[in-house]
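By letter and in written order, the chains are A, B, C and D; residue numbering begins at 1 in each of them.
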Amino acid sequence: MRFFSDNAAPVHPAVFAAMAAADHVDTAYDGDMLSRGLDARFSALFGREVWAMWVPTGTAANALACAALCQPYGGILCSRDAHIQNDEGGAPEFYTHGAKLMLVDGDGAKVTPDAVAAAANLIANDVHRVQPQALSITNATEYGRVYTPDEVAALGELAHGRGWGFHMDGARFANAVAHLGCTPAELTVEAGVDVLSFGFVKTGGLSAEALVFFDPTLVDATKRRRKRGGHLLSKGRYLAAQIHAMLTDDLWLQTARAANAAARMLADAAGERLVHAVEANEIFLRVTEAEAAALRAEGFDFYDWAPGEIRLVTHWASPADEVRTLAAAIAAL
Amino acid sequence: MRFFSDNAAPVHPAVFAAMAAADHVDTAYDGDMLSRGLDARFSALFGREVWAMWVPTGTAANALACAALCQPYGGILCSRDAHIQNDEGGAPEFYTHGAKLMLVDGDGAKVTPDAVAAAANLIANDVHRVQPQALSITNATEYGRVYTPDEVAALGELAHGRGWGFHMDGARFANAVAHLGCTPAELTVEAGVDVLSFGFVKTGGLSAEALVFFDPTLVDATKRRRKRGGHLLSKGRYLAAQIHAMLTDDLWLQTARAANAAARMLADAAGERLVHAVEANEIFLRVTEAEAAALRAEGFDFYDWAPGEIRLVTHWASPADEVRTLAAAIAAL
Amino acid sequence: MRFFSDNAAPVHPAVFAAMAAADHVDTAYDGDMLSRGLDARFSALFGREVWAMWVPTGTAANALACAALCQPYGGILCSRDAHIQNDEGGAPEFYTHGAKLMLVDGDGAKVTPDAVAAAANLIANDVHRVQPQALSITNATEYGRVYTPDEVAALGELAHGRGWGFHMDGARFANAVAHLGCTPAELTVEAGVDVLSFGFVKTGGLSAEALVFFDPTLVDATKRRRKRGGHLLSKGRYLAAQIHAMLTDDLWLQTARAANAAARMLADAAGERLVHAVEANEIFLRVTEAEAAALRAEGFDFYDWAPGEIRLVTHWASPADEVRTLAAAIAAL
Amino acid sequence: MRFFSDNAAPVHPAVFAAMAAADHVDTAYDGDMLSRGLDARFSALFGREVWAMWVPTGTAANALACAALCQPYGGILCSRDAHIQNDEGGAPEFYTHGAKLMLVDGDGAKVTPDAVAAAANLIANDVHRVQPQALSITNATEYGRVYTPDEVAALGELAHGRGWGFHMDGARFANAVAHLGCTPAELTVEAGVDVLSFGFVKTGGLSAEALVFFDPTLVDATKRRRKRGGHLLSKGRYLAAQIHAMLTDDLWLQTARAANAAARMLADAAGERLVHAVEANEIFLRVTEAEAAALRAEGFDFYDWAPGEIRLVTHWASPADEVRTLAAAIAAL
């Protein structure tokens, strides 16, 4: 019974079916009709013209977004707990050619306009100091918290007022939208986001994330950087097919709702043990070593996040009985 | 009837089946048993201990290999027609942080030890000149020519005598081995190759190439660079599964033999029109504009390589009747 | 009466004289006898074989040292107040190709082995996290504090125990040695330092710092990186001449002692206002806005470090009467 | 009697005098009045508003110019014999983060619009190929040839028609202007040049070159890159002083005229031995090994350029008697 990571989840059958349907001789790279149809598909979803391309990983999406928004000699403000800072092996620094990540504190990996502004205000505007050029937030955050459209808009206003680009790492964007019940546009372009890493792998995809641009001037350079980063797969149609499948009948939202619901069940069982409010599909619990061992003895697998703290992650295919059993086990601790 | 690129080929059913068989909850990234089994699998194939990892594209494989063998301030000798020079959007320069590609002339994109040595000998050994640190060859080459084990060994001897690393871009390694009838080891590690980009996508895979190291000291840094490049897919087991499928019952060789045989049929029909000897699955033909138009009018799709020259590429799934029809059409020109 | 920066100081007459003495036709770059004599000169100073080269700035020295000790995918532990983090416009990230600076808290910009180890211990050893590969300290620090040989040795032991390189930014190394009365070797190579940025510009030089290596394996690559960074001046003999002049009759120490003595006089006048113990040539004072304005009205120029805090810097040529006048003015606040 | 390099020349007394005149406490970095006066000084020279900054080397100037004009994923067209390709240790690749130098053949290291266009036309405009973004020429060239204003303008027209930036490496710009008798503006901004590396070191300076921008949008980023490259010297006023001295009373032109006149004398003696027309201060001669040895036996020092070819370089301070003696020796061969 694995609650280790949503990356461990299987692939949704509809995704496999779409890949099989794309399995014929076709144009290489992103010249096929499925790849070429992504702009229109995402434009429909966001209710305006947007520009989209597939990439095989969220790390590639985030790093390319950073490079699109920040010069090598600039800086990117982000949460101290951001995935781009802690979990991407230095990919943002690689793709930006050495931009500096500027860390901002915030509860549950959420940053506030005040905290971001305070961090930026410490930086004198001269050539000796690296200057911030972009702001990146993760929604849902690395601690399973969700920014509301208003919260994003306040950060967007700050960013654009300072002349910074604004990126959203949406590895769990689906979980955030599912939680909020808002439209994808309300949480992004209407709140000032310039580029969105729109995750599909954690919600049922196999190897395709989308990079969605709300600013067309960033697209051409990113296509060149994508190729230069080795991310232009020669059989790209199989990646495009995955994304089309996820967007059909809002499959991306359905799977996220399932994951969120499973997390909610665990959260309700956890009560005072919760370290962070549970708004997406991650649950951080305070447990003693003995309690963690007891859960493992019952067959549950999870991540030891910190001393006295574990992380549980649900996903679209988390078996209902396993979730119920775990909820009961937590309640019984 | 498409003879445009082997990248346009579909995915082999055995590859899809292996991915489906891997479709269950498992460890993320490359912690699953399939990914962890690649070292042993390739060690068996090469008859000695080797180290292997999946990457999603040949460009990533080549660029990571370049970075493993060459410092940012060094140079990489390669054919003027090399894929790493002309077709990867600057990926080698990106991953090496600006190493210089040093171009060597050679017939059919094959370089000789004499030509490589001559190019290197022009470079004074001082800090003003970028110094060569690696040699990279493509086998089969970009023009469908094949280096023999002896030819590779002669280049390997030169490379190691000069202290250079030695990389083989094997996007069509299968076609080369199929043509030669040698073992994979004879064409690589026994001939001095340090790192091999072992291509599977052109011969039936979907999104997995292998980077095979014959020198263990290069592995750890490359794993970090792979992550940093955004190439550590979170559901890596689906990539490992593709490679295992291709290696089972020598599927990679069977599919390459089919592609080579189709190319042979076209080559035999082409006679004096051949620009390069056909040893793999690419055929370059001298045709007039009118002849090219005539072929297209008959329904054939291909690449205009240069004025008066077209490129045809066969693949594992090229329909036999289409190949026969094209051969007849070429003979009839 | 300027107490703004030791960078504002004039050039020592002996330095000018040495440059004039070098003013004849000679070999370009670093092929002249003065440049070639640096290894021997510094070997004499450190009492063992060391390797030294000139660079025009401390930023270049530090960034080259970082690149010598840390791979692009690695990290460099340093004080949160380090010059390499705050004052070099991202040069360490540029020269290392994107290594990550990992910030450690510490009083007066001094880090302790415990604090460094604690920061490093938070970093899981997997490919997702950038791994520390080097430790860099500044001596004297950015707040005018000095590490003793024992303190450096404790950090050196930690660094080498973890397999990290160890760099000392010695922009004010002279001030530290002058304060301690130890030998240069005791404060560096005997305490585990691998590379020293040995500053001369702040103590009377014009445009020459030295990069001193205690590990010969780092030298060749650094010479190539120095050229690649555009730091191999064609008339390098004029830089070498400056360094030889500074080393003659311990001029570098004499000038540092003068600067330290001036700082001591100001510190004695400041009493409880001192933010940091004054051990080199920088004085940080708590003053109100009105007090700062009063000092400025008396003709003193200095840096507003933070709200309620100013920075005063003395140098080798700080006029004695100006120092006395300022000391009196501070005491009279 | 050294004819090895103009880099070996001494420093002009007026340059030393200007440095001495700047030797007092002043603002650090480029905040002093001399540094801040460079824009106006060069604006007067070029007869319009231009923007200028000092850097310590020509390699830094060229590499910063390349970075200003070309993205990391772009290419820079230049002569196969360009200094940026052969003599800067990969600095352009470093500062551009891996842009590709695209080599164009041309007699005497001069490229023509036709040759440049032909090279560019071979590059298909897709993401697989690195796209040219800038053109860089050297004037006077590495072989002592000079582009006329009309020739530069024709290249400028090509460059801007294609949307490329246009850089001139003017390490020997003074020699070119002295040869042509034109204005600096006619040879640069009026001919479409965007950025000029204006060399002063070879004509009497010590450690200061100027980077002159004719496009203000490139300035801010370059100032940040200059700092990030470690080229913002803390006592920058001594560099600015050198440039002001060189510009006073056209000293830069006077010294270049002297060097050119000395070269002319040698060229006249060489007759049919000349490999390239002598238009600046470099002379390439066909000599046998015995003849080269004979010249050396007479006390002349020079560079063996290639088998059967030597290079002689004159400079502003080449002693008239040495030049006469060498001319006679050449004539007597």
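Points to keep in mind about this one:
Operating definition for what follows: contacts are C-beta pairs under 8 Å (C-beta built on N, C-alpha and C of every residue); 3 or more make two chains touch, one makes a residue touch a chain.
What you see is a predicted model; the values in this text were computed from it and never measured.
Using the average of C-alpha coordinates as each chain's centre, B ends up farthest from subunit C. The interface holding more C-beta pairs in contact, when B-D is weighed against A-B, is A-B.
Computed centre separation for the pair subunit A/subunit D is 49 angstrom, with centres defined by C-alpha atoms.
Per-chain Cα centroids separate subunit B from subunit D by 42 Å. Look at where the CA atoms of subunit A average out and do the same for subunit B: the two points lie 34 Å apart. Contact with two or more other chains is made by residues 72-73, 88-90, 94, 97, 127-128, 224, 227-228, 232 of subunit C. Listed in rising order, the residues of subunit B touching subunit A in the complex are 2, 4-5, 7-11, 16, 19-20, 23-29, 55-61, 63-64, 88-91, 94-95, 201-202, 206-207, 224, 227-235, 238-239, 317.
Residue ranges of subunit A in contact with subunit D, taken from their complex: 71-73, 97, 127-128, 131, 221, 223-228, 232. Across the interface of their complex, subunit A is touched by residues 72-73, 86-90, 93-94, 96-101, 127-130 of subunit C.
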